[in-house]
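A, B, C and D label the chains in the order they appear, each numbered from 1.
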Amino acid sequence: MISSDMIMELVRLILYVVGFLTFAALNAAYLSLMERKIPSWFQLRPGPVEVGPWGLLQPVADGLKLLSKQILTPQGADLILFKLAPVMVVVPGILCLVTIPFSNMIVARNFNLGLLMIFSFGAVGVFAILLAGWASNNKYSSIAAARVVAQNIAYEIPMLLVVISLVFVTRTFNLHTIVDQQMGGFWHWNVLNLKASIMMPVAFLIYFICMLAETNRAPFDMVEAESELIAGAFTEYSGMGFGLFFIAEYVNIIIGCCVGTILFLGGWDCPFGMLPGLHWFLIKMYALCFAVIWVRWSFPRTQFYGLLNLSWKILIPFALANLVLTAFMLKLFHHA
Amino acid sequence: MEKQVEVPPGLIHFAMLDDVLNMARANSLWPMTFGLACCAIEMMATGASRFDMARFGCEVFRPSPRQSDLMIVCGTISRKMAPAVVTLYDQMPEPKWVLAMGNCAISGGPFKFPGQYGIVEGADKLFPVDVYVPGCPPRPEALIEGILKLEEKLRGKRCFPTVEAQ
Amino acid sequence: MSTDAQSVLNETFVLNLGPQHPATHGVLRIKLTMDGEYIVDADPVIGYGHRMHEKMGENRSYAKFLPNAGRMDYVAALFNGHGYVGAIERLAGITVPERAEYIRVITSELNRLSSHLLWLGAFLVDLGGFTPLLYCFDDREQILDLLESVTGARLTFCYYRFGGVCNDIDDDFVAGSRKFIARLRSRMPMYDAFVTKNIIFRKRAEGIGPISAEQCRKYGATGPVIRGSGIAYDVRKVEPYSVYSKFNFDIPVFPECDCMARYKVRVEEMVQSMRIIEQALDSLPTGPVMAEKVPRTLKPAKGDCYFNVESARGSFGVRVVSDGSENAYRLKLRSPCFSNMSLFRECSEGMLLPDALALLGSLDLVIPDIDR
Amino acid sequence: MKIPALKSKFEAIAARGAPAPVAGAEATAPIPLVLDTPHANKGIDLDVTVPAERVVDAAKIMDDAKFMIEAITGVDWLAEHQLEVVYDFTHVESGERVAIRARIPRDKPELPTISHIYGGANWHERETHDFFGIIFTGHPQLIPLLLPEDAKFHPLRKDFTA
């Protein structure tokens, strides 16, 4: 009994899958180019310019080269886990994209629990890096694997606390609804929703810091601490195995920035209440991505204990305070 | 270390695909972060603002040999270091290239004398070398020219103009 | 790490850091015995860059060894040249014309600036910040342009000769040096704002890697390491060589003994170097730059002597033993990095790996200088 | 400033220990030999020659006077069939330099270590061992430092051929 609805649904599904894969791959490729171009502007140099016009073919060349590289498996590595880890790190990242509303119309699946789904899939990536580090049979990778678990657990907590306090305000996990609530200009956005909690800007800052840490970006790049652990958990990966980690890193950044845009910056809403749409969403998201890259090239790496101290001694107390304050203010002023 | 796996030659060759792949490889030579001696400083200078290797897409210095395509042997290889250098070469995945930077990596340079006990007289005593860049140390321009020569070797033709000496 | 915590986790493993590792600046290898991320024992294994300089000093004539001097500590090559020619001049009793000494001081101090700039960038790379390196290299290239115009080399300078220098400096060089100093002066506040005041940098450098004054004495650590531990030992002041006694400059000393103190010493030294260069340029005498009657083949009389210069990394010493022939009988090169590095094992005990790498970076090591 | 006081201390070493007769060596200078040397010509202020077994005492004198260890090196006197070990010390405040020399026969190149007094001597002694094959008795880790781990040769000996 194949109804036309089911066929339409199938077509829609395939279109979205193809679309998301393209989106993820293109973003990873061109963010990696931006990762090389943007710092080159900070650093008084031209950056990649010779490969294609303005260096635009650079990611293509890199991708093709990585695809055609030999894939080495180190002796003593856990074969199955070693090969599984790069896949495991990319798949949840792309799955998260399913529930993100890019505009009023463009959303693959409008779940009621979209926010929860993103955070639960986001947690899987950590295990993939843990597996990669452990399966590589390399001491540097093992240290990096141990670090990534400690780091992600430490930063998951303040991040979720911030998100919970936000959910208090929005009263839904549905990302589409969350954006809808913020429509009508930047003063309606959650980041400036001082009526709900006067600590909202702080909450956004905590979210941004946690996002940097969760995506293992500098100054919290303990996993790939280049001057300490060679290439961290990815030391033994060659060719596209490494390429997948590379893609996953940028996909995770994209998701982090998407969620930040949706939760705090009003999604596809225009700051001045005109012409809402996909373009505003992308502008906000890429602005956040730019900030991520900016931070990376401006700061040295923190120490590991500094990182944990920041989470447990500063971010978690602030996030908790924010949670309590939000709950209190909601009860007091909004009779929730 | 692990045995080097011989990469079997393809049964069928696609000329077009090979061209494209070689073009991609030539434009994405990721060198290994690997400094042996004096020349390493000039290698750093080549990556820095004035000369900027990044223009040609080869500034991605990978600290792990597994992710690098190009080994720039920049400096003297001592006999104590030689096994480690060979290991690093073996750890790099195919296809890989070696650029011998400076006289020491070419022939032992100023440290070669009768009765020497400490150095390997040239990187090509240990593994095949694709491009030799002479100098002690070579200027950054020379290293960039060496990388362009390697691109030329990969693609079979040169896509950047040569500058005639004045 | 406290002792009871160590007894609970009494499981150590050996981590081989190097010889190819991004933090070791070359071919240093450290055999680390680790307890988690804490270092129980760090045994540096050196010699991967051993290039037989001392053997070469014995089997070639004095003049033929000159290029070697620039290839030991190649980041600060002129100091090695200065130390070497100074020792031979002392042995053979050659007096150097005053203009040549002034030129030596100017070029040496420019070299010190370039070396410290390189260190500043490399130290930040060790701590995970890449961008400052590019700014430091930008400034460093200006110095290299100046030095290239007189020495003909960018890195491994071989400029000093027995009895003077091989090229006289011209007005362009003098003007260029003044212009460069003005430029670097204007950029120092930028480095201060972006590096010294950076909170992450401060957290990573302050209180990290303590080296006591007593340890410095027992291990012979010199240069910014000993001055970062509160001892004002600088060969330029304590036993002035060349014409350093004619200039007015301070020896920066910081008593905190940590990485931050060593960082501050080097930054302050850059300021002092600029002062010295300006004074030397102002009072540059005229005259020849090469002593007359220096024989083509030197044959110093039997005997030995010792000569020290303050290199960018510490006290660089040369002990020459002559048997009256045209080759040195024995040429001992005392490199500052060797002594500074030997401290590492004692100091890194119980440190975290990233902190130990910060300590390693703050020692400013040039590996072929250690291995010679 | 401290040099006269040091001089008498070094002379006291000789009073306590008679010079060891060196078999097969040519006539050597009386030990210890304490020489004032002009700093401007020699680069050192005091040139001391002590018997090989007294280097530890000499190092203690240097340590008490708060001198810093600068370097340890060897010289191969092939014609005299002897090896000389030179210890360089510097005072960090006054800049005075003292060189302590000890001569040992080439057949039995043994000398007590001073690495328990000066930690930095550890590496210098290992280097001297590498280059000259001088055995520092009591040294905690006398394995090749600059040469490969399995090196059996001593390149700076005058009769070395690769």
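Odds and ends about this structure:
Simple rule for what comes next: contacts are C-beta pairs under 8 Å (C-beta built on N, C-alpha and C of every residue); 3 or more make two chains touch, one makes a residue touch a chain.
All values reported here derive from a predicted model rather than from experimental measurement.
Of the two chain pairs considered here, A-C and B-D, the higher C-beta contact count falls to A-C. When every chain is represented by the mean of its C-alpha atoms, the one lying closest to the mean of all protein C-alpha atoms is C. Among the remaining chains, the Cα-based centre furthest from that of chain C is the centre of A.
Centre-to-centre, using mean CA coordinates, chain B is 45 Å away from chain D. Computed centre separation for the pair chain B/chain C is 29 angstrom, with centres defined by C-alpha atoms.
In chain D, 147-148, 155 are the positions where the chain touches two or more neighbouring chains simultaneously. Counting partner chains per residue, chain B shows two or more touched chains at residues 48-50, 63, 80, 115-118.
Multi-chain contact residues, meaning those touching two or more other chains, occur in chain A at positions 43-45, 226, 230.
Here the chains touching each other pair up as A-B, A-C, B-C, B-D, C-D.
Looking at the complex, you find that chain A touches chain C at residues 39, 42-45, 139-140, 143, 146, 218-219, 221, 225-228, 230, 297-306.
Of all the residues in chain D, the ones that touch chain C in their complex are 39-44, 66-71, 73, 75-76, 86, 88, 90, 92-95, 97, 99, 118-120, 122-124, 127, 131, 144-148, 155-156.
For chain C in complex with chain D, the touching residues are 46-47, 50, 52, 54-55, 58, 87, 90, 93, 215-222, 226, 231, 233, 235, 238-239, 304-308, 315, 317, 319, 321, 329-330, 332, 334, 338-339, 341-343, 346, 371-372.
Touching chain A in their complex are the following residues of chain C: 13, 15, 21-23, 36-37, 124-131, 134-135, 138, 198, 200-201, 203-204, 352-355, 357. Remark: chain B residues 32-38, 40-42, 44-45, 48-50, 63, 65, 75-76, 78, 80-81, 84, 88, 110-111, 113, 115-119, 136-137, 139 touch chain C in the complex.
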